[in-house]
Amino acid sequence: MKLTVVSPLLGEEFADGVRKEVAQWAGPDTVIDVVKVERGVASIESEYDEALAGPGILEQVALAVERGAEGVFVTCFGDPAVHAAREIVDVPVVGGFEPAMLNALSLGESVGVITVLDNVVPMIRGLVRRYGLTDRCQSVRVVDLPVLALDAHEELLERLYTEARSVVDSGEADVIVLGCTGMIGVAAAVQARLEADGVFVPVVDPTGAAILWLESQIRLGVRPSRATYMPPPPKDRRM
Amino acid sequence: MKLTVVSPLLGEEFADGVRKEVAQWAGPDTVIDVVKVERGVASIESEYDEALAGPGILEQVALAVERGAEGVFVTCFGDPAVHAAREIVDVPVVGGFEPAMLNALSLGESVGVITVLDNVVPMIRGLVRRYGLTDRCQSVRVVDLPVLALDAHEELLERLYTEARSVVDSGEADVIVLGCTGMIGVAAAVQARLEADGVFVPVVDPTGAAILWLESQIRLGVRPSRATYMPPPPKDRRM
Amino acid sequence: MKLTVVSPLLGEEFADGVRKEVAQWAGPDTVIDVVKVERGVASIESEYDEALAGPGILEQVALAVERGAEGVFVTCFGDPAVHAAREIVDVPVVGGFEPAMLNALSLGESVGVITVLDNVVPMIRGLVRRYGLTDRCQSVRVVDLPVLALDAHEELLERLYTEARSVVDSGEADVIVLGCTGMIGVAAAVQARLEADGVFVPVVDPTGAAILWLESQIRLGVRPSRATYMPPPPKDRRM
Amino acid sequence: MKLTVVSPLLGEEFADGVRKEVAQWAGPDTVIDVVKVERGVASIESEYDEALAGPGILEQVALAVERGAEGVFVTCFGDPAVHAAREIVDVPVVGGFEPAMLNALSLGESVGVITVLDNVVPMIRGLVRRYGLTDRCQSVRVVDLPVLALDAHEELLERLYTEARSVVDSGEADVIVLGCTGMIGVAAAVQARLEADGVFVPVVDPTGAAILWLESQIRLGVRPSRATYMPPPPKDRRM
Amino acid sequence: MKLTVVSPLLGEEFADGVRKEVAQWAGPDTVIDVVKVERGVASIESEYDEALAGPGILEQVALAVERGAEGVFVTCFGDPAVHAAREIVDVPVVGGFEPAMLNALSLGESVGVITVLDNVVPMIRGLVRRYGLTDRCQSVRVVDLPVLALDAHEELLERLYTEARSVVDSGEADVIVLGCTGMIGVAAAVQARLEADGVFVPVVDPTGAAILWLESQIRLGVRPSRATYMPPPPKDRRM
Amino acid sequence: MKLTVVSPLLGEEFADGVRKEVAQWAGPDTVIDVVKVERGVASIESEYDEALAGPGILEQVALAVERGAEGVFVTCFGDPAVHAAREIVDVPVVGGFEPAMLNALSLGESVGVITVLDNVVPMIRGLVRRYGLTDRCQSVRVVDLPVLALDAHEELLERLYTEARSVVDSGEADVIVLGCTGMIGVAAAVQARLEADGVFVPVVDPTGAAILWLESQIRLGVRPSRATYMPPPPKDRRM
């Protein structure tokens, strides 16, 4: 099975981190190609960044499928250009939000998201409403670290644990979703620290959830509905 | 008062039509500048088109405000890049969806949208959920004409009337919103034909609603909240 | 354009305050007549007051339209008798709730209302549900001042600021709506104080929002749908 | 136990019909007094009628409690002035909508209302939203007979049966609520005709449901919460 | 009128307590038989307990109706096997949740549940969603006492009062529902203590609410809809 | 990876069919054990059947985990005893509803379920509300075949295609979920027939979705939250 991960960020470094990370989630028969956009933004931390990132992402998604990708993961929690991408290719496409959130729904009564900065909280609340999940997800918190500072793992881990602990103890949510695909390689550690306090609370890693979502949909033989994601009519398009 | 209308379409013709139209809605002290994007798509009829249109729209919004615009209308019913635009400027910004829909809510129990093509129906349903309006808007219909064919006014008028009649008679909705800002200069005529059948049903023109929305917000002294639309952090952004 | 504002309170003083206030919101071509009810209550601070105020309001609305009003604003945040009034006249009619709340929806992710007394909070929550806006408005606070004490501007301003600050800081809402049309002439000052703290948060004045809403609907050529607001059948009615 | 039924209609005839009807629902220890308003309207078939009926109803509710009523039923499906009444007396007060609808919720998956005229359908939909019941009640139909023509029992019965049959067969609802308290003495007959077709479908009579609701609340020792229905502050009130 | 109360617990003691309690709620013409399951669990404090209790409850419901019961109350707040029971008998069947919650909805703006242990909170939240009541019930608290310790009345009363006070003071809810049918004979006392603080807040006893609900439905001549609760097809069933 | 599938039906035949089916969905490293209940019902087609099936299912789930299962699939679309099972074991447990529905949400705007008999439609609507998915799933249809007749593949396929075609053409839903885990081995064929009509519409097989869901959760290192699914307190339990 051949998947492509599209890093929507300009920098090479993030793509490298993703490359290492996704290799760990891939099934035995899965080959994952990681590519990055050629234009867009250094990191996505606002609706503005997301809008600027769109065209570059769509280029890479189209290219990936031309090169044989059977599924595409746009590695950003805001699902940027994901619905657009489903219109132009015939394979499953996901971002970070949808697989993690839907997976989390099957793990407990209520889902809490912990993301990077206050700037993206309204965007995430908007996604929760757009996907129709308000009844199950009310809590969105932040670690107050920008995307490009997330590789300070100790600091990140500490803050994630503190917020998660508080979310669970206050009864805001029973399942934690890491709300940024740049929070790489920390979900298991946060989950372990929460469990060490006495009660198991799952922490969903959006990257792992996305890779496994694609594998599942491909193995199930499904892809996005053309009754929802119709092919865009041909017309002049200039970037 | 100085407003700018951003046409998110590449063609000059649509911008010309908009120019004539908005002049009729402007208040006595309002000066409206109509500009168009320099890159993007010929028309917006899919999430793909919308994603490609984003960067070009944001450029024009920023430019408009630099040149003194006190309010900006992105003339597309899908509200493309509108939330992103609110992050980068300090004036009211609206698209076609929000002012028309909110206005319509004050005119009757339920709102029905009549748009161009089946392709954009899921996008509109997604907007209805994102804005939290599902309880009041369930009906989305199409005239099955592409955006660039909307200047065939007779045909358009006929189809809008037929759909609107059917929406009201079936009890789907009590207020009609034209679901494309390219449906220029027909709202009053559709409304008149519906009324001639015996019962007055308002038909909301999204262009008029948007212009008047901007005028109202400027006169009220409000603009989008920075608690929602925070300024994007500085970073590398390359298109 | 000719508008009438109906003060639903018995006292002359409130009507005088409204008269000065609305003059400031009126457009250059708008003439606003302010009338008051001849029977009803001294102030509306309960569902009981609202029910008693109904017949007097409807008399004045009918009279206003007979005298040529092209739009009517019933100046109370509870929208008393507003839906009833739409059944009996052929012009736009609004109260204080609907224009302010719908306007606020376009300014941020979530809307918080600050009203007078605990007594009216359940009434406002009922309106939020009736209008289908629960997903966007959860926060309703009070300044704990009765309507007729609102002319103590300094005290009112101080309390509004304190509540608004707390609403925003706790993340309850990103946009503030003043929840009483008797809170005259303070919205801009509260907004300025909030902004002085560093982040712009819009504060919507329900009186201004209502006047501009009427102007907009009249200029758009729309009025309430007769598919919702049907003319009441003729019958014996005695007050 | 002493109950008072307030007929919100001017005519003596309706009160007489109610008198006979409620006697049949009363428990062995229940004494029911039926009174009618002294001012208001001949029948309630619009929000306008409802607003005009309010003060007269509130007078009678207050009087009834002064005279010892332990519970009050305002016999109209629109629950006119019911919430207002709860503010001014210390006993349970209900209209026709709430007891019938809540009772119906325990009888099947979805509830359908069959009311008199199209005029009141938006009012009923507004009540459904205000009470937070949209997920369980989507179907509102009419027999197209005015309130004062409801004593033509054969015609009424026939039309109720026809609509109820269609509601159930189309899957719109599994439980029927008669949406007018003037539909007296027909619920059982409609229910019997539906059952004769082969499948039992309950038909809830709003008058019976209301009387039994009051009896239940009195026997339970509960009455409306003063945290919701606070006593209106003293002030000048003139009708 | 002949009712049967099914105690879903193995112990004789609980059934004895129920026997005394329900006698106080029964109407003058009502005879109540209390039976208990022959297999199942000592108390229901988890979904696991609820699932194990199901078959034993259904046996007793069927038996009760064979013996002439005209209505059945399964005395557990989780409504265990209640919907299943409605499929197999032709009389009203209720548990503790539905009558108490629906009754409470008519007593105030928002409903708060106070139950036994954290273990059952997610189950109650699930019921709130299943019944479509989320807009009116958000608050679920616990006294942190297991079901079989509830006969320590002083301790229970104290904890219920403390939680109820806090629910009302924080604005979480305006009406209290006791969230366990094992909280016998304390509702009135909690209500009295709350009222002694100055504001009347109703406290709904689920046992009383259920008995009166059954009496009401029987007197109304309704029972669960066969369009929802269809008779299970005949087949092999072995326990 | 070691999974156990629990067939909640008494018959050996169904378990055999499941055994063949799940082998096809299993990943290369997955070993799937299929067991069946020792007491319960021949098929689950009502809430009554579901309640009777519960204890037998829970026995098998506990046994399976004792024997080393790392994940358990209770192969019934009604998710019988699934939440209860999560309380007593420390591995992921799913039924047929949740994985199929959540997967489907990522494939299109709206989800339609096609199940066996009218009897189970209210149960499925109840699940949709319990899981908080009403905004995305409104359409539930039936093929009108009992569970044990589903091996007539041609007839089943024909009826599934007819209903699915109608669901999509009427705009009720854009993604189809097979609403019975007894509909084995037909999803791909229905999907192919729909696509042959010109537009690709995914058809989700609940068995495949469930197996892959378990594999994904195990590989992600998550399992149900103990903040939701707390261990049942020890007590007397007798079946």
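For reference, chains read A, B, C, D, E and F in written order, and residue numbers begin at 1 within each chain.
Quick note on the criterion: a contact is a pair of C-beta atoms (placed from the backbone, for glycine too) under 8 Å apart; a residue touches a chain by one contact, two chains touch by 3 or more.
Remember, predicted model here, so these are calculated numbers, not experimental data.
Student: Could you tell me which chains are in contact with chain E and with chain F alike?
Tutor: Output, common partners of chain E and chain F: A, D.
Student: Would you kindly state whether over half or under half of the residue numbers at the chain B/chain C interface are used by both copies, giving same or different?
Tutor: Copies use mostly the same positions to touch.
Student: Would you kindly say which chain has the C-alpha centre located farthest from the C-alpha centre of chain C?
Tutor: Between chain C and the rest, the longest centre separation is with F.
Student: From the C-alpha centre of chain C to that of chain E, how far is it in Å?
Tutor: Inter-chain centre distance comes to 43 Å.
Student: Quick one: chain A and chain F, Cα centre-to-centre, how many Å?
Tutor: 26
Student: Let me have the rounded angstrom distance from the C-alpha centre of chain C over to the C-alpha centre of chain D, please.
Tutor: 30
Student: Two-or-more-chain contact residues of chain F, please, as numbers and ranges.
Tutor: 108-110, 122, 126, 129, 131-132, 134-135, 174, 228-229
Student: What's the contact topology between the chains, one of line, ring, star, complete, other?
Tutor: Topology of touching chains reads as other, fitting no named class.
Student: Touching pairs of chains, which are they?
Tutor: Pairs of chains that touch one another: A-B, A-C, A-E, A-F, B-C, B-D, B-F, C-D, C-E, D-E, D-F, E-F.
Student: Please name which positions on chain C make contact with chain A in the complex.
Tutor: Listed in rising order, the residues of chain C that touch chain A are 108-110, 135, 174.
Student: Which residues of chain B touch chain A in the complex?
Tutor: 10, 39-43, 45-52, 54-55, 57-58, 81, 83-88, 117-119, 122-123, 126, 129-132, 146, 148, 228-230, 232-233, 235-239
Student: Considering the complex alone, what residue numbers of chain C touch chain E?
Tutor: 122, 125-126, 129, 134
Student: In their complex, what parts of chain C are in touch with chain B?
Tutor: 25, 27-29, 90, 94, 98-99, 102-103, 105-110, 131-136, 168, 174-175, 187-188, 191, 199-205, 208-209, 212-213, 215-217, 219-229
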